[in-house]
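Chain lettering (A, B and C) follows the sequence in which the chains are written, and residue indices restart at 1 in each chain.
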Amino acid sequence: MSTPIIELENVDLTLGERAILHNISLTINEGEFIAILGPNGAGKSTLLKLLLGLYKPTSGSITVLGKTPKRGNNEIGYAPQHRTLEADLALRARDVVGFGLDGNKWGIALPNKKRDKHVEQALDEVDMKHLADMPVGKLSGGEQQRLLIAQALLTHPKILLLDEPLSNLDITNAQVVVSLITKIARNRKMTVLLVTHDSNLLLPVIDRVLYVANTHSAIGKSEDVITSEGLSKLYNSPVEVVRAKGRLFVIGEEH
Amino acid sequence: MIELLQHQFIQYAFLSGTIIAIVSAIIGYFVVLRAQAFAGHALSHIGFAGATGAALIGVSSLTGTFIFTILAALGMGFLGKRIQGRDVEIGMILSFALGLGILFLKLYTTNANEAVGILFGSILSVTSYDLLLSIISACVSLLLLLIMFRPLLFASTDPEVAEARGVPVQLLSIIFMVLLALTVTEAILVVGVLLVFALLVAPAATAQHIAKRPLTTIVLSVALGLAFTWGGLFLALFLHGPVSFFIAGLASIIYLLAVPFYHTISPHLYKPLPHADRENKFTVEI
Amino acid sequence: MFDILQYSFIQNAFIASFFVSIGAAIIGYFMLVRGLTFAGHAFSHVGFAGAAGAVWLGVNPIYGLLAFTIAAAIGIGSLGKELRERDITIGIMFTLALAFGVLFLFLYRGYAEEAYSILFGTILGISSLTVLITAFFSLMTIGLVLLVFRPLLFSSFDPEVAEARGVPTQKLAIAFLILVAITVSVSVQVVGVLLIFTLLVGPAATAIRLIKGPYQTIGLATVLGLLYSWISIFLAAETNLPVSFYIATLSFGVYLPVRLLVKKNI
């Protein structure tokens, strides 16, 4: 199962005057579950947007599923950083999920039993079928997050990109979301890239770690990448990685 | 009462009022969703300069309003995200537009009645030309809205994901601003520059508190808009008062009553279903 | 040109606008910092209803202005937090107020002329009594602001810390809104309801981009406001065009290049 599905070669990205990424080369294989880590502002979200075709690299090449990334690719599912949906937004859970199916098509959605069933199936997969008619504003943070994931899954994508899906969740909810994603990814044989701040919840389920910092990146097994030498090299300044009580702490990170 | 309806100007008033109420209610739904109420307000003030400028050079004030608002809308649309939260800039432009309007007014006539008509509505003096323009504008707006509905809804709710899914978010924003300009111009005809909110925002904002999905919200918004307009017209004719006062009064009072009412009862409308996974955020005693 | 200064109505105009400019600069600065510019705009519309009501009752419009705007200030101050919701609610409230303004005007047969002067300003027709009232309220407002200057500044920039330090932020917020109401009522005489933004926000918005520090910004804003008002009075007296138009044009004309060319300071 070592078919490359995402390839970056010598990719540079400069936005305005800021260099975000420099000389990034990496390959991600089909079916891998990758955690993307790194400090704030390092470019993790930007990396996802490059894969979606929302940004174009200043130099270098990117290949996703054998093609150059272009907007509107149904083979990639995307759930961006969680924003709280307004409390009185007059949209039900099924409406928001439905966007994932045909939100980009012109006209209006005519009532369609097949479509409804499709939406309900997606909601079922994230354990939210019973909340299909609930207004989104009334859902909790964890439920809204699962909703956005369901939306991303509707077109049966081969790649799932999740930007900080766990940040606003408490431990219990975060664990629910992580096991949900793992289960779905395995069932559908999807490649998952998940940006997160805290790797500890994910270490047991991921294949490799992609660490982005200081415009550079390092990818590999967590025990190889998240080491004092590895990260110090990345940051170009002393960083210490401490393992305590079965968890990882990176010290000296803020720049 | 029926004899009143014999008069052409009253028939025109009801006809144009109906058409404009419908379009305003539907566009208003998106205005509220996209939090662009202030932009609408600004467009109406800019329209004032257009109306008085047009009168000054002898052109129909409706035409002048259309032109100015559409130009302003295009400007705002192209500035895009940079407009967000720019209250100060928008406020300055809107005030300057008003200042221009005052200048045109002073140059055109020392008669202050013109000003009052544009500022507070002139639906009882709608001409057949105005009516024709309203119908055309309404048809164009509704047709475009129908075509853009799904992607616009998506882009308004979640622009990032919509963009990733291939929705032309920026283009839709520009088109929407132009539709807003058309609608605001029409609303000015009914309630005047200063009371545009009554037709544009009030029905949709009220509906949004009550209904829970797009289709029902829009239908309710239209129903409210029509109720306010017809109610306002009838009251004005019966009680011999200014039309815009009645329409705006009805619209505002209903909104101000509906909001606190629904805030108190709405927690009770959505009972959380028992499910092992659900956090107990919304348990409610009925 | 300067011989027009002989006329008492011109003198009144200069004196009134002097007081108004200072008050407007101070209050306008805080409005900007606290993000209340839209609310200020809304107050003026509400004030219109009050003024129209006063005219209908045969009373000096300024009392109507004060009554309605202060009531609105207390109302808005007691509203909840969520922004989108609040803007719409404020907008609809002032729509209701304006609607009543229309009604009052309609009931008072002198309709259009009065409307015109309330909406667009009457500084050139201002009576000596009104000048006194203006001076009184302006000085009172300025005095009160100076009194609470530091805690107000603190809570404008960092409400949470200020609260923790014992600043009564909620009470200050309502008090400030009341001061805005008074300033708006008084300024309406110079520029009218519709153009209040240009005198209240324009100078402060311009100054804030040119100079650092609250005292300096307010100082510059005052100077700008004074210049705009006085120059406009001259121009209006010479050309017979409305004062408010000139003020709006000057305010916008200076603001625009500053906004486009000067990088944000604050």
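Convention: a residue touches a chain if its C-beta (ideal position, glycine included) is under 8 Å from a C-beta of that chain, and two chains touch if they have at least 3 such contacts.
In this text the structure is predicted, and so the values were computed from the model without any measurement.
Peer 1: Quick one: point me to the chain whose Cα centre is farthest from that of subunit A.
Peer 2: So the farthest one, by centre of C-alpha atoms, is C.
Peer 1: I'd like the most central chain, judged by C-alpha centroids against the all-protein C-alpha centroid.
Peer 2: When every chain is reduced to its C-alpha mean, the one closest to the whole-protein mean is B.
Peer 1: What whole-Å value do you get for the distance between subunit A and subunit B if each is reduced to the mean of its CA atoms?
Peer 2: 39
Peer 1: How many angstrom lie between the CA centroids of subunit A and subunit C, rounded to a whole number?
Peer 2: 49
Peer 1: Counting in whole Å, what is the centre-to-centre distance of subunit B and subunit C, each centre being its mean C-alpha position?
Peer 2: Distance between chain centres, rounded to whole Å: 27 Å.
Peer 1: Going through subunit C residue by residue, note those that touch at least 2 other chains and give them in order.
Peer 2: In subunit C, residues 84 touch at least two other chains, as defined above.
Peer 1: Name the residues of subunit A that each touch 2 or more other chains.
Peer 2: Where subunit A meets two or more other chains at a single residue, that happens at 88.
Peer 1: Can you pull out the residues of subunit B that are in contact with at least two other chains?
Peer 2: Answer for subunit B, listing residues that touch two or more other chains: there are none.
Peer 1: Within their complex, state which residues of subunit A touch subunit B.
Peer 2: Those residues of subunit A that touch subunit B are 52, 54, 71-74, 76, 78-80, 85, 88-92, 95-96, 99-100, 102-109, 127, 130-131, 133-135, 138, 140, 142-143, 148, 151-152, 173, 176.
Peer 1: Considering only the defined contacts, which subunit B positions touch subunit A in the complex?
Peer 2: Touch list, subunit B to subunit A: 33, 146-151, 153-154, 157-158, 160-167, 207-209, 211-214, 216-217, 270, 273, 275, 277-279, 281-282.
Peer 1: Considering the complex alone, what residue numbers of subunit C touch subunit B?
Peer 2: 32, 35, 37-38, 41, 45, 84, 87-89, 91-93, 95-96, 98-100, 102-103, 105-106, 111-113, 115-116, 119-120, 194-198, 201-202, 205, 241-242, 244-245, 247-249, 251-252, 255-256, 259
Peer 1: In the complex, go through subunit B and note every residue touching subunit C.
Peer 2: Result: residues 32, 35, 37-38, 41, 87-89, 91-96, 98-100, 102-103, 106, 111-113, 115-116, 119-120, 194-195, 197-198, 201-202, 205, 241-242, 244-245, 248-249, 251-253, 255-256, 259 of subunit B touch subunit C.
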